[in-house]
Structures are given as C-alpha cells and as structure tokens.
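Below are two complexes that have chain A in common, paired first with chain B and then with chain C.
This part shows the complex of A and B:
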C-alpha cells in the first residue's frame, strides 16, 4: 500500500503523459482548451490525492519518501498555486502562440519535481526532485524561442544551474563518503559531530540549495533569468522552486544539533540579512517590473530564511503564513503585470501609468498586494512579518528584528513606485477587448487570501504543522 | 449602550464599504451615506460619554490568535480619555463632512472622497477604542493610509503625489520606532494589553532598559505621526489635500493620534523620567521653531500647518513634564479651534481661489460669517481670555512652570508671543485693508452648509475651555479622573505672563500690519539670512533630500550596478581570458569543421557565435561569482568554527 503515499506524484506523472498524448489527436483550434482542461484536472486530482494524506505520517520506499503534515501543507500550497499558474498562462499561451501541451507538460513536470522534493527523506530523492525542477525550469525560461532575452535567460540559468547542481552532487558524495548513507535520518547522527568533510559536504549541499533560492550571494542568475523568462514563468520562478527548497530546509536544518547547528545558524543569519538588504537596495533603482520583482523576491527569501535561523515552532508556523501570503501577493502582481503586458503596455514600471483609472479594481488590488509585500496592516503581509518579528524577539534576536523592520521601511520606496505609476500618473491605454477573466480570477483569489489572512491569521494555523 | 461601543467605528466602515462597492453607480450620492453614518457614530459616542461620566466603564476582549509559544488577545475599551476623544473625533468629522457638501461640490471624485473620509474616521475611532498596542498600530497604519489617499486627492495637480508620498514615507520612518517598541514590550511582558503592561511597569517587573526602549520607540512613532521635530517636514506639504481634509487631519485624526498615543502611554513614561525629558524638549523646541516659521509664510494654509506643528509641540511639552490633564485638554480644545481655522481658511480659499494671503485682503466686509469664525479661532489659538486656548495653553504653561524647568517655560512663552503674532498677521492680511486681487474683490460669503459648521465650531472655540476652567470646577479634569491642582500663586503668575504674551503678540502684529507703523521688510532686509532660514523652514527639506534621499539612491545605484557587473573589476582579467578562450575555441571549431565538412561552414559559424554568446565575459563572471560564493561560504564556516 506504499503507492497510496505516492499517489499525488503519480497523478502528476499521468497528467503529463495524458497532456502530451491527447495533444497528438487534438485539432489545432482545440489544443489550448484541451491541454489546459487536462492540466486543471491533473491539479484538481493532485489536490484530492494530497488531501487524502492529511494527517498521515509515514516513511515509504526504503526511506526515500516521507509523508507528513509539513510536506502535505506545502503540497496543498503547490496544488493551489498550480491551478493559479494555469489561469495566469491561459491567455499568454494564446497571445504568444506557444504550444500549450509542451508548455503545460513542462510546467507540471516542474511541479512533479517539487512534489518529490517536498517528500524527500533521502539525498538521492532530493537530487532527483531538484534536477527535475531545474531541467524543466531551464526549458521554460527559454520557452519564447524567438525572443533573445528569453533564450539568454534559459542559457544563463542552465549554465549557472549546472554549477549549482555540481556543487550539490559534490556535497552529497562527500556526505555519502563520510556517513555511508544518503538517508537523512542516518545523516542526522553524523551531523551532530561536525568533522572536516561533513562540514564541506554540507556547505556544498547548502550552496546548491541556496542557489535555487537565489539567496545572496547565490543570487546572480535570478534577475536575468526572471527578466527574460515568459512572464507566467517568472511568476512561477518567484514562488515555485524557492518555496519547495524552503520547505526542504525546514526538514533538513532540523537535523543539525550541537555546535554545528550553531554555526549553520550564524551562516543563515548572515545570508538572511544580506539577502534582504541587498535585494531591497538593488530593487530601488530597477525600472523593469520583472527585474524589480526578482530583486524583491531575493529580499523576501531573506525574511523567510530568518525562520530557520530561529528554528522555533513559532518561527516555522510564521514561515507558513508568510509563504502563503507572499505567494498570493506575487501571483497577484504578476497577474496584473500580465494584463498590462497583454494590453501592450510593456514591462517597465511606466506600463502601470493610469492603471487606477482604466481598471480601478486591478488598481485597488495592486494596492493590496503592494501593502502586503511591504507589510502594512491590515494585510496578510503584515501578519507574516509580525509573526516573524515576534518569533525573533522571543529568541532574543533583537538586532535581527531591527534589521527586518528597517528593511521593511526601505522596501516601501520601490513598491511605492508601482502605486505611484498606477494612481498618480497618466497613461495612454487603448483597451483591447480581451477577456482578462482568468487573470481577474487570480487577482481575486490573491486579494481574498491576503485580506483574510490579515484579519484572521488563525485560519492557517489549523493547516500548519511542523517538521519536528 | 456602553456594551455597544464597539459599533462606533462600524458605521463609518459600513459607509465606506457601501460607497466603495457601489463604484460608479454611486455617482454623487456618497455624502448621503457617509454623513448619516458618522452622525450615528456621533450620537453613540455622546451616549457613551454620558455613561462613562456616570462612572461606568467598558472592556471586552477575545483571543485573536493562538500561536505556538504565544497568544494574542484583541479587545475594545472605553475609558474617560477614549470617551472624550470619541466625541471630539466624531463631532469634528461630522462637521467637516457637512462642510464638504459645499466645498467639494462638483468634484469629479466626490464619492471616493466621502468613502475615504469614512474610512479615515473609522480607523481613528478604532485607534481610540483599542485596548492594546497591536490593534492600535493596525488602526494607526490605516489612519496613515487614509491620510495618504486624502492628501493625494487632487493627484493630477503637480506636486500632490510627492506630498502624499512624503507624508507616508516620513511617518513610516517613525513607525519603525513604534514597531520596535511593540516587539520589545511583547518580549518583556507577553502581552499587548495597556492595563496589563502599565500594571507590570508600575510594579517594576519590566527592566528600566526595556522601558526606555519602548517609550523612546513609541515617541519616535508619535513624533512621526504628530509631525514633531525633526519629522515635521511632511505636514506643511500635506496642505496639498483638500482643505476640509486638512481640517480633519490637523484637528482630530492623523496628528492627534501621536499625542493620543503618548497620553495613553503616560503611565510608562512616568517610570522613565529621562525619556520624559526628551519628550518635553522635543515638544518645546517644536513649539518654538514651528511658530517662528509661521511668521514668514504667505500661504494661509501653511501658516495654519506650522501652527499645528507648534501646538502639537505644546501638547508634547505638557505630556513631557508629566502633566496628563493639560496635554489632553489642549488636544481637545485645539481640535475645535484648529478645525475651525482650517474650515474658515477653506471658506476663504473657496471664495478667492488662492491660498496666498498677499492676494487677499478686505474680506471682512465681504464674508462676515467667515471672518467672525476665523477671528474666534484665532483668538482661541492666540490664547486670549475667555477663549478655549487660553485655558488649555495656560494649564500647560503652568504645569511646565511648576515642573521647575524655566528654560522650557520661557520657550513656551516666546512661542505664545509668536503664535499670537503670526495668527494676527494672517487675520489682518486676509480680512482687513483693501482687496489685493480680483479674486478678493469678487469674493462672496460661502453657502450655509459651510458657514453653519463654522459657527458651531466657533461656539466650541469659545466655550470648550470652560470645561477645564476653575470657575466651572474643572469638569473635564474630574471626568478624566486626574487631579490637576497647582498652587494658586503659580496659576496667577502664569496666567498673567501668558496673557501679556498673547496680547503683546497681537498688539505688535496689529501695529505692524494693520496700522503699518513699522515695515516688516526692514527686518527681512536687515537680516536676510534669518529670513531665508525661516522661509526655508530651517532647510530641513534640502538636508533630508541631500542626505537621505540622494544617499539611499546612491547606495541603491551602487548595489544594482555591483550586482549586475558582479565583481567585474575583481575578475576582469579572468573574464577577458574566458572571452578570448571562447573566441579561440570558436575559431578552432570553425577551422576544424570547415576543413572536414565543407559546406556546413555557415551553420557551424552560427554555432560558434552561440558559443561566444554563452561564454561572453558576463556569464563567465556569473559562473565565477558562484564559485566565489561557495568558497566564501566555506571560509565563513572556517572562521565561525
């Protein structure tokens, strides 16, 4: 009955095959609807499969796969973002005349990788999951074949990603060499006493993972890759692999103990502070929306890493709230960016000029997202930050809390420029009759999640659970 | 009735929701929903006030959040301070909204304006009802957001977005302190609730260091919100909003929130006298400096803006010497007379279509009600017997005098002279002499929807002070439950000095501007530096622009540049090497394959190009930077370990 635990992943794999196969027999004009319909079914079935695992805590397949509430929470999260991703790309695929089946097969492939990564209890499973995410991501980044920026994004991401993979593999082999096992449980016993090779191996492993997160100093690829990639994929990059790796960190870092855990803590503290500060500072002068969001996501990763520096249940629970709200705000903003792009407004901040007038509801929603990202009540972003601040103060990390608050002030400046464009500047819009319904749905979901979490953050606490 | 106190902010919220959700269908009917809503809130507040006066109190709370390691409860409370402020806020808001019927008539965003006013009022009312710092912060930020929206109401006009932006960013810098204070207090006590925190502070359960941090942080937040030195820069610019909004911001909402926070937290401040000193000094300095700027400003709204900053400084000064009652008393009277002054100025601006006092003049005969009202407000502001400001300012000065700090006392007195002078100057320039522009010549009295609120507020500007006067037995003091008794001799002494100061300022201004015995230009030409210093409001804007704005932009540019051309300088040589290698490889590729497979040269050439593209200097640098990152990580561990 172990396959029951693998059901979500199996659903995704079947979905990929079905989309590719069915596409072969589908008439050209129906390809998009068919592929997206199947993809929606896949994610729907995935969500049902994941829901059936709520409360289950089991290790299966000779210690390769773990199902517990921590991974189930994130699988639910990804099932929902998967559906939102479909809505985000539905129009885009048509506008750019992209082959829908290939696009979705790759996207779901990335989600399959994420799902595997979330359940990995073994470094090999981790690697398989991560590589599946990476390979599909390279292709998705370069999916606009005619666009030099997109191909460049794919290539750069690929080249740099291979180095990261190499570091990761190197680290895994070091650890295997010392411990003779790839199982996290076995590894845990060795991580308590840090010897030379264990340290080096761990750092190489962490480097590979931090690369995926685009945490400073591993962030160099992110702005280029996120700017060049097709916009829905940029949205995916800003939440997908990052959140998956964060979830894995939650599991992995809980294994460390003793002095080594202290050192890891300091290391993450430095990375967290550097990420939020450099991300925010670099974002201040960006004019391209996708690039701006890339730096913004670097900064937010910095905040999220704070949860691991603290390592307390309160911090982990705060992480889950933060992630949910962050993803909602990001996907929402990208929905608006996509809409503006589809109206021929380009991807510079000026593209938002006059948005508040021509589409007041999107303008208002943009306000909600920006306020959430900055962390101003009564949005969910405030709650996420507040819970994180409180968790850090509980652990007597005062300086960290101060730096986080200061960074919050800093970030106002660049997020604000979006609002200023949308509300205080005039722009020429030639509204085309196109249904922005799919994008509107994403915006609506995001606004509801953000405001609801802001007023009642307790709703997530029924779902959250800790890896320890 | 008291148990329904939580409904007070709900009505304006409902108004906001209804207007907001109806969108364009609302057209110009927004006021028809907003005004009844705030009227109901006002009636509720009155009923609450009566019940609180009878000695009842109200407190309700519920668990809002259960979290691993802690829980947060939220609740509402009504105590005398909150009850008094509820009435003041709802009354001023009601009058401002009625007045806006005339002032904002025909505005293209009429309903949105009323929606924002409703939310603004609701946020302020929530702030007053909060029983804990967290809820207060949430309401506080909402107040800031709404004032941002309202200041930016005429966003098409040049400079307006910047003004809204400045208000928002400046107050957020202060909020940074608030946030820190919040963290520190929760860490020390495990609660956000006022009563619990005050109880713990008084028993000495909270360390002195924490209390200093908390009170300093709260004061930073309050100074940002209440435009205290050195955060005063945003308030004069906030005049870009519609004038009734300025009235609301300056009288009852936004800036009052900062003073309210300090008054609310006074039990904490009383435990840490060093921070109290800072509050008092900041208040005193702000009162004096802002009043001095008021002397030279020609924009009628800016005169009032600097006056607000200065008067808020008085309140902080009062609270800073530990005098709860005078500070709160002045907050209340100031709310009425400053709302009156702004609405009066709005009436003038509405009629003359300019804010520059040099283009006014002679409005006394043309706008009798407005003149009367503005005069009442001015006398209250100057602190002339028996107007409201006389009593409240007097009690602040008396408290400062009694505290024994004569420097602060005399600063307050000088500020009072300056106050009397600049407001008299404004009155004379606006209402006396001959009209100095066509707009002033053709000015007509505003419609009754505007003048009636003015006359009502005039009544308050005259009489509100009597509530705290000795002859009435200090009803307000009794209601607030604070004994404020100073020796009679002190009172008499201070009253005499304050009256001389007020009358002196008025007489000086009358001689200068009404009788023109004396040309102010003589002074400005004699001391051009001083004049410029005041005109430029001590160059704060320029200083902040140069240091903080430009500085941050420079750093950001540097980081962005650094990030895009990572360690370019460091590894330039390596980068070039990589590029040359790539070229070489490409050449060899082409040569080799050209040699072997003739005819495919073209396509291979393209492949070679691609290789070059991959391996251009930038990507090589990126790769190298990753290697560096890993090496730095390992090094970090070696250093840590």
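This part shows the complex of A and C:
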C-alpha cells in the first residue's frame, strides 16, 4: 500500500487535528498538559512510523513522494528535535501565557511541512512543503502578540519570505515551461545543458531555497526574525527549516551533471565562503544572545553548504554528522538561554554573568556546546568539522579548507564572550522557584549526543540501516 | 548570451502585456462617460457615505470562515462530477477532507467567532 509510505505525515496531520479539537473541550488549567501530552504522543508515533520505513526505498503517489535512507535519516532527526522542542517550550508557554494548543498545532504544522519537503520528488510537493513551513513560521515568529519586536519579526519574515516564495514559483514555472514536467527525475535530463531558460529557472528556484537557509546574500531577515521570535521558536528556526532545505539540496543538486553542474558548484562555493565569513564577522559585534546565535547559524550554514560544493559521499556523511551535532549544540544553548530568561536575566550576553557559579552544571554544558560549535575535540563539532575538512582536502579544495579553518578561529572570538560572561564575571542572581527540569533534560540529551558523536560519529549513519 | 534571449523575451512580454492591452482597448471601445459608472458597485444598492470606515474585526474572522467553506465548494464540484469513477475510495477521501474543514468551523464556533459581540 502506498499509504504506508505516507504514514509519518498522516500521523502529524492527525496529531494537529487532535490537539486543536481536544483543547476545545479541556478545562483551562489542564490545557497545557493535555496539549503537550498529545504533541509528545504525536512525535512519538511519528518516530515509530519513520522507523518502520528504515531501509525502504520507494517512490509513491505518481512520483510525488520518495522514501529513501536520506529522507528517513532526516525524518528521524526531526522527530527527535520535535520532542526536544516540546521540552524547550513547556515552561515558556506557561510563563508567557501563550495558548498551548495553537502554539503546538502550528509547530507540528511546521514539522509536517518539513516532512513533506524531505520526501518531495516533485517541485509541486516541494512547494507545498516549503509553504507549509513558511506560513506556520510567520505565525510562530509573531506569536508574542503584545511584543513589538515579535510582531516586527513576523512581519519582516512574512514580507521577505513572500518575495522568496514568488522567486521560487517563478523559477519552477520557468523549469516547467522548458521541460514540461515538475518531476525531479524528468528535470534531471534537462539540467545537463546550460540553456538560458533552465539556468534562469534553476537560479530563481535555488534563490528561494537559499532564502530559507538564510545563506548570504539572502540573510537579511534572519537576525531580526530570530531576535523577535519567542525564544523556543528561535531555536526551531535555527535548526528546523534550514536543515530540511539542506536535506533537499542533497537530493536536488545531485541531479545536475556536466558543465552546468560545475557552474552551480561555483555559485555554491561563493555562497558557502560568503556565508561563513560574513556570518562570523557580523556575530563579533552582537551583544544580544539571540542575534548572536542568528549570525552564528548563518556561519554554520556556510560550513554545511561546503558539503554540496564537494558533492562526494564522504561530504554527505560529514553533513549528517555536522547537522546532528550543530542541532544538539544549538538546542542546548537555547535551553540555557531560556533558563536564564526565565530567571529574569534578559537576553543580552551579560545575562550569562555568573552562570558558572550559580548553576555549575549548566555552565559546564554551555562549555561543551560552545566547544562543539567552535570545533574543539573531544566534542562532536570537532568531528563534523574534521570530516568536512578531510572531504574537501580529498577533493583538492585546499583554499576552501584553509578558509574553513580560519573561520573556525574567527568564531572563537564571539563564542568565547559567552564563556567569559558565564565563568569570569560576577552577576546578581535571585534564583526563583520553578523547575528547569524540562530544560535540563534538553541540555542533558544535547551533551550526550555531542560527546558521543565526538567519540564515535559512525552511529549516525548506522541509524538508517538498522535491522528492523 | 543568445541563450538568454528567451528570458529577455519573457520579461519584455510580461512588462508590455498590460500597456498593450490597455491601449488596444482604448482604441476600440466606444466612449460614453456617465456619473453612474464612477460609483462603487455594492450589490446594486446605492452606496452611502465613505468607503474608508472602520470595520468591526468580526467581519475579518467571518471572511476567513467563508474562505474555508468556499475552498471546500471548489473541491466538491469536480469531485461530484467524477464520483462514479472514483468509487468508494473517493467518497471516503472526500468525507475525510470535509471532516478536516469541519474541524476548522467547530474551532471557530467554540471560540465564539460566529457570535456577534
């Protein structure tokens, strides 16, 4: 049955409807527990549904949906980040008195879009997935309705995002006009020839996708949107849609061949170098933690795009390791930011002052995350960077490798400021009642993933070939 | 560069289409202006006052609900025409679709969107 392949997406869709419906008949004081419980069930069921597809390689629904190891890996990844997102937002929703059911329905909606995007084998499916992510993201960015920054974030993201969607659609229509098909398999036959309409269409399509990645020169929306959005959503933005689009690139860019492939490679090389350099340089001057993390994620997207410049199996394997570790470190840092925020410490970098003394475990974890983002052994971030570095040396991209290392050094400067604040500066903390257990759990999972990957990165590839 | 001639053609055609049709219409249509033609059309009722007034925000929510039902109708018509070929599978699928839209309406109902405050 074809529907078996669609099971993960169906689970998410049913979960959204269930959360909205059940919430209507739930008493106010139990709304949060009910909605989060249902959401946890949804993501749990999603993970089970995805694991049942491990090892399957099939195309279904007239070439609209593809299930293979690559998409299954990322679906597993998103199932786990989904559960972590629930832990991240559990206390936040209560503190800010946000409606839990609507918040979670939109969040799961974004995950549904991601899941569709990961399995798309057709540009139409791609667009539906991407638009589902975008529309829910606009709403989530503006979810703090009373906060002008949040409204601004939503509006900016919406306006610029619509232009990106328009460019994407224009590109798709060009490609359809030339090839008469939206299927990636049919398109692949035309992508070897660098014909005018094909090139224009492809570049418009890629621009729309690179916008979602916030790669330079499409990064302008990211700092504002990530700063204004509710903090758990900022964490989601820094891993969610970006990783999904990267995963799609892994499939899409493999279609190019010949002369045109080299041309596209060249563009990606420029974008990758520009993203990591500009992201790191701009991060140097940030004092707001969310803005700093926004620029840091722009820089990391640059590193990740290197995998597509190389295009070798080794580079793709490095991408998987890098993505998992990057997501773990990011979600972990955001858990600590959220905890500091809930203690009334604000979102400036000074908010971390004295963290190492009042909460040594979080301080230590912050050290692990920062080490991982910079790429210092024995963390997973080091492994990710090392694998990418080796892959680029293998392909004789020496200059690229040197630029990557230099950028790593550059990034130490701003990540270090977080550590200095946490360990070498004193701050006033009035520890308030309120359990940080949910956030602590995220930090724990992130630390375990980072350290484990630092020792044995191979387990990530093993995920998709588990004997089920 | 010739490879990009088609792209240029598309851009120019897109830019020129609007002025071209407007000028063409101007050349061929009869011109008989009257004050009635300048009025706003509001279902045949003579308009009263200004069009730029503040609306009750409930109109907006009702319009959203209307869109939900409207979209449903758009999909129902072609489905009804082909129901015989689609068979039982199509019937079940359409009821699932209607069910999803009903969830939206039930949500609005419970949130008291339909009540006029």
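The rule is simple: the second predicted complex is superposed on the first by the 463 of 468 C-alpha atoms of A that agree within 3 Å, B and C clash if a C-alpha of one lies under 4 Å from a C-alpha of the other, contacts with A are read in each partner's own complex, and residues count from 1 in each chain.
Rule of thumb we're sticking to: contacts are C-beta pairs under 8 Å (C-beta built on N, C-alpha and C of every residue); 3 or more make two chains touch, one makes a residue touch a chain.
None of the values given here were measured: they were computed from a predicted structure.
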Touched partner set for A:405, first chain B, second chain C, both or neither: first
Which superposed partner A:72 touches (first chain B, second chain C, both, neither): neither
Most chain A residues touched (candidates chain B, chain C): B
Touching partner for A:21 - first (chain B), second (chain C), both, neither: second
Touched partner set for A:165, first chain B, second chain C, both or neither: neither
Which superposed partner A:393 touches (first chain B, second chain C, both, neither): first
Which superposed partner A:200 touches (first chain B, second chain C, both, neither): both
Partner chain in contact with A:453 - chain B first, chain C second, else both or neither: neither
Partner chain in contact with A:296 - chain B first, chain C second, else both or neither: neither
Shared contact residues on chain A - chain B and chain C: 194, 199-200
In the complex with chain A, residue positions of chain C that touch it: 2-7, 10, 100, 103, 106-107, 110-111
Contact footprint of chain B on chain A as seen in their complex: 152, 155-156, 159-160, 163-164, 167, 194, 199-200, 203-204, 206-207, 211, 217-221, 223, 259, 263, 266-267, 270, 278, 281-286, 312-314, 316-318, 360, 371, 376-378, 382, 386-387, 389-391, 393-394, 396, 398, 401-402, 405-406, 408-410, 412-413, 416, 420, 423-426, 457-458, 461, 466
Interface residues, chain B side, partner chain A - complex: 23, 64-70, 134, 137-138, 141-142, 145, 152, 155-156, 160-161, 164-165, 168-169, 172-173, 175-176, 179-180, 183-184, 186-187, 552-553, 555-557, 559-560, 563-564, 566, 613-614, 619, 622-623, 625-630, 632-634, 636-637, 640-641
In the complex, chain A residues that touch chain C: 17, 20-21, 24, 174, 194-197, 199-200
